[in-house]
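Here is the structure we will look at, set down as structure tokens.
Letters A, B, C, D and E name the chains as they come in the text, with residue numbers starting at 1 for each one.
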């Protein structure tokens, strides 16, 4: 704690989240090896990297679903490596999931309310009798969610809909709402715009910017949409084979030849089209020979 | 320690475990392809036993005809069950289908009582009656031959799953029905096949079990031990059915011999819980893949 | 949006019964419940008490299985724990009835929590079958101990309240039905709060629930505990109702009965638990009444009895095939159809 | 008032595990009631029999009781199980107008103080054992007797007391084997039994299975034991199902068999009504009805109202009552049971149960 | 094989789809896939793209959906009465949204399962695993591993590989780029183009990434709310101002917009008026 305070005098603030040489293995597969980076408070930090690089695993490690085999994670200066997942949620680590993990048996509203779970105090007796605290707490929660989150994300028309009937894009938005209801200090979004077209991606980008501006929430996201990552982030971390191969401001990362080779590709439609035409001209016999 | 006694008891336990294994195999067939926990497995055995009884004792067919006829008839019953009760629930949660099989067991018991009355009955004797002696240890001939038949079928099924792509189709269907359709697997056929095969195995098992303990409309309780066996072995594992069957047979025999009859079930359930705590998917069951 | 459900405040929106129509229906139901004992015969009163006990226990199982997604085949065993606790307290110590009931609930709850411990690792149907173990272990305990009266079980004197013996269905009705109604209200309240939401989240996807701040083990055990507390109270009522408890009073088939009740009624719906328990208890009786109506009467009964088993099974199957969401869903659909009938506002 | 019907209610297990007996019981009661009604009823009052199926489940059985009693003024009631008899007892006492008997022979019920309005239509299970043991002690003094019984209330009922009784008679009990309910394969138990080498083995708590398998395997292993059973096993058709294994099987039977040709006018009547074989459960139901209605008759004869206490007193007033030969000796009922029985032995060639002893009274 | 450019391998006419007897997802949708062409189908979330594909491949009933009106013909034959697995065996493969690999099976077993698509085919072609491994060498490396543990991109490769085993005439591809890295997206689309060019396989391609979709497609459709709103050649679509703004993310003057400058209000799409 003291060191954090001491370093607070430095021009760069101490990182809100600090990942230090984190290693994670599944049997023989090393999903992460020695990953380290920091997330500055108030920043938008993006983690990018090829499929299977370990981005989601990294998120899972930060939020406590996986125990790292080595290394440490510090949040607000406190070592949280050994703290169980639910506790971390309570401390202010909110997140959304890559493969939508909404609770399909609940309405949108209940899904969002669930996000607040760790911050509520109702116990079984309160709940069974629904008097006093339970009643007050629920009313309070309801107002807060309606006024701050549902309005903000423009999902008022679906608040009573069961999530299973929503299209993919709306589900992603509800995921974000639920993560916001967790009152996070750091909001971790795993591929928030996957499966969205350009227009919907723009909406989501606006939400992310607004969340930071209005609520002062720090954002850590994994995303494959390079347009969005490069436009929004302050800091980009590139993973490959479980290792950080590059990090820095977007422009630096984009210029890194290794990142280009492993991850970005050409990124230019005309170039791509030319490549495709070329690919299409490969003689058919190549397949048979192999 | 009376080693001869221990040996004799264990031998018996292993052999009677073979009977469990065969019934468990019938259960596993259905689970493997359709993810249905068939709680009516005991009643399917019963149906097989009664069909055999009808053919052999009431219609007086010769044995070589009565047995296959009972097995085929039971297979037909399996097909009917699949077509009318299971297939309409394709895609519903497993617990619903589980409950359908609860209803099924009630229907089967009712039908048996309607057709054959609720009296206990004995099946005609058809197995060799010469006692089997292993050294000084005595093994009841029916149990021995039952175990041999069970072993033959389990080996056959293991081979089939090893070398026939139908095994893959079965597992693929269980894993994702829509995707199975989309790769050209005839999902309804897989369902029917699994149920027919399971019902036929159940019939064989029912004939053996019935010839040892007689048949009655409450014979379905045998299914309970079968459930324990498949859980211990792993719901979707053929090998698990074999190993689980033998293990449970052995545990029951030892508990019965050294502790007393009231400890038999208790011992098997304690074993069950201990194994599940160590291996939540049974000894050989497939682990569910859980990723966020 | 439907008329009649326009909310004026968030509080009104969160109320259990949200429309005037519902309030009217509820009032009618309450009046009927109060009037019922005065107009019903002993037979119907007996069935009403039995139904109420089953509703209480089914609701408990619904909390665990319907809402938390942990399938249990041990509900009867927990009822047995409650029933034996009450029987022992009543016969040995003569403690007051409400205390005994509460103790029955608590003992069953402890049993439930112990049985629930594997639920963190063992999932789905593996867990369901592991809970069968609870049935057998409970049976073993009941049958082999002095204090439980061995295989012969225990006989109780009637509960005494204010110097009055609760020894008729009429008198017991006034104990059983209010307790059940209270338990139903408790369960309904539960699902308006974070605890109920946590249960549902665990059912829908336990691993993501954990990352969202729900301590899995704690809530799974809580669900087991609550569910078996309900079972324990129901078992206690059962003990006072039948006044004999034996190890064979709480067989596995009874656990299956409760599971069937919530599935037929509708899992994850309080109304479903009620409808299911009513349905499953009453159908065999109604089928008998039906047989009585047929010409031929008693002699036909011999032949028709197994037919009832078939019909009973077929009804379960039929429901699942044609309405997998259960009676509660049918009810909702009907209500949508007549949603304001007959009270227009 | 004189024309009011006498009502016999019944919780009868026509489905479920006990259905085989329920069907016979039902027919037996029905037939005796018919005989009485055809003869003009009792003092001009007709008898009405109101049965209800229970599936052998206690709660359903109680529901049946409630249903029948709330629709009829019931005087006599037939119950289907020990559990039911115990559960309904407080209700009987409260009601006060009903005398009850049933399918249970549980020793616990043989207690006029605890169960004042009930009786057993025969010896209780402990008494059945005593009859068998008495026979054994006479046939082979000092014999070794094994008990094999099921892990249920029914099975465990007589074991403890009978072991003491065996000692008293100079017999030894080298082994008691309890089998779990519903077990199919009994080979381990047979091994245990063989090692104890009993002269006699008494099975109790079963209907048929697993007795035949026990005997078959026992014989295959060279056991020389004689095999015995108690009432519910002893129906002729049940024993005949044992096939070869059943030859020589013995057991205690309180009634005569349908086909017994000894002097029994009532059996002849039954054979006239029903030309095909009737089970011992039928006899039990028939006799229950006979005792019910005899008690009712005595009450009416004595101008006493038909209350439970009066009916029971009337029952206990039976002295050397002649059952028309259903039971081979005249009856005197002092308590809650009728402690009489005879050992019968299976003859597979004749496909009949033949007497192996005299009537034994305890 | 005779290839006429006007010959349509798939024709969908005026179909309507209703889910759970209440939710109408498609309202009179029509489209055609010319033989040998790649046709892109674009549209926003919930427009009904996946529903269209499921209607074609006959998988709707599995999700409580029903085709209420209209017709679908594959190779001139109506598909409505043909069981889904038989459609696959006749050469119509569907790569479903969200990959849907058999998680408990190894990669090799996933491909073996796919060989059922060849049963009953007259040409009795032998399954060609090598072809798949040649297109996707990564799969060869991991062929003994469980498919459930593959990363997203690898699962997508497997899903396409499975379709290839079936030697289809027409592949329905539902969002193949979902969750794939930019490079992998390019690679996969490269392979899609190759498969089309080398094997003449027709494709109906549903995709959110309009940029790459229009790069490989010959022509395309854009749908909203269960209906087609625009169609035309890939070039024509790429030059449509609305498509440029809402699907390709270009400002009025043609340069790419930055996500940082997005307005809180939006211009209305012309096709909605």
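Just so we're on the same page, a residue touches a chain if its C-beta (ideal position, glycine included) is under 8 Å from a C-beta of that chain, and two chains touch if they have at least 3 such contacts.
Quantities reported herein were computed from a predicted structural model and do not represent experimental measurements.
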item: Labels of chains that are neighbours to chain C and to chain D; value: B
item: Furthest chain, CA centroid comparison against chain A; value: D
item: Chain whose average C-alpha position is farthest from chain E's own; value: D
item: A-E or A-C - the one linked by more C-beta pairs in contact; value: A-E
item: Euclidean distance of C-alpha centroids - chain B vs chain C, Å; value: 32
item: Separation of mean Cα positions, chain B and chain A [Å, integer]; value: 48
item: For chain B paired with chain E, centre-to-centre distance based on mean C-alpha positions, whole Å; value: 44
item: Contacts with 2+ other chains: residues of chain C; value: 143, 207-208, 211, 305-306, 308-309
item: Sites on chain E at which at least two other chains make contact; value: 149
item: Contacts with two or more other chains, residues of chain B listed in rising order; value: 110, 113, 118, 224, 262, 265, 291-292
item: Chain contact graph, described as a line, ring, star, complete graph or other shape; value: other
item: Pairs of chains, among all present, that meet the touch criterion; value: A-B, A-C, A-E, B-C, B-D, B-E, C-D
item: Chain A-touching residues of chain B, taken from the complex the two chains share; value: 291-292
item: Chain E-touching residues of chain B, taken from the complex the two chains share; value: 90-91, 165, 168-169, 171-172, 174-187, 286, 289, 291
item: Chain A to chain C touching residues, read off their complex; value: 60, 63-65, 84-86, 89-90, 95, 97, 101-106, 110, 113-118, 120, 122-124, 126-130, 134, 137-139, 142-143, 146, 178, 182
item: Residues of chain A that touch chain B when the two form their complex; value: 56, 60, 65, 97-99, 101
item: In the complex with chain C, residue positions of chain B that touch it; value: 37, 39, 85, 88-89, 92-100, 102-114, 118, 224, 227-228, 231, 235, 262, 265-266, 269-270, 272-273, 276-277, 280-282, 285, 288, 290, 292
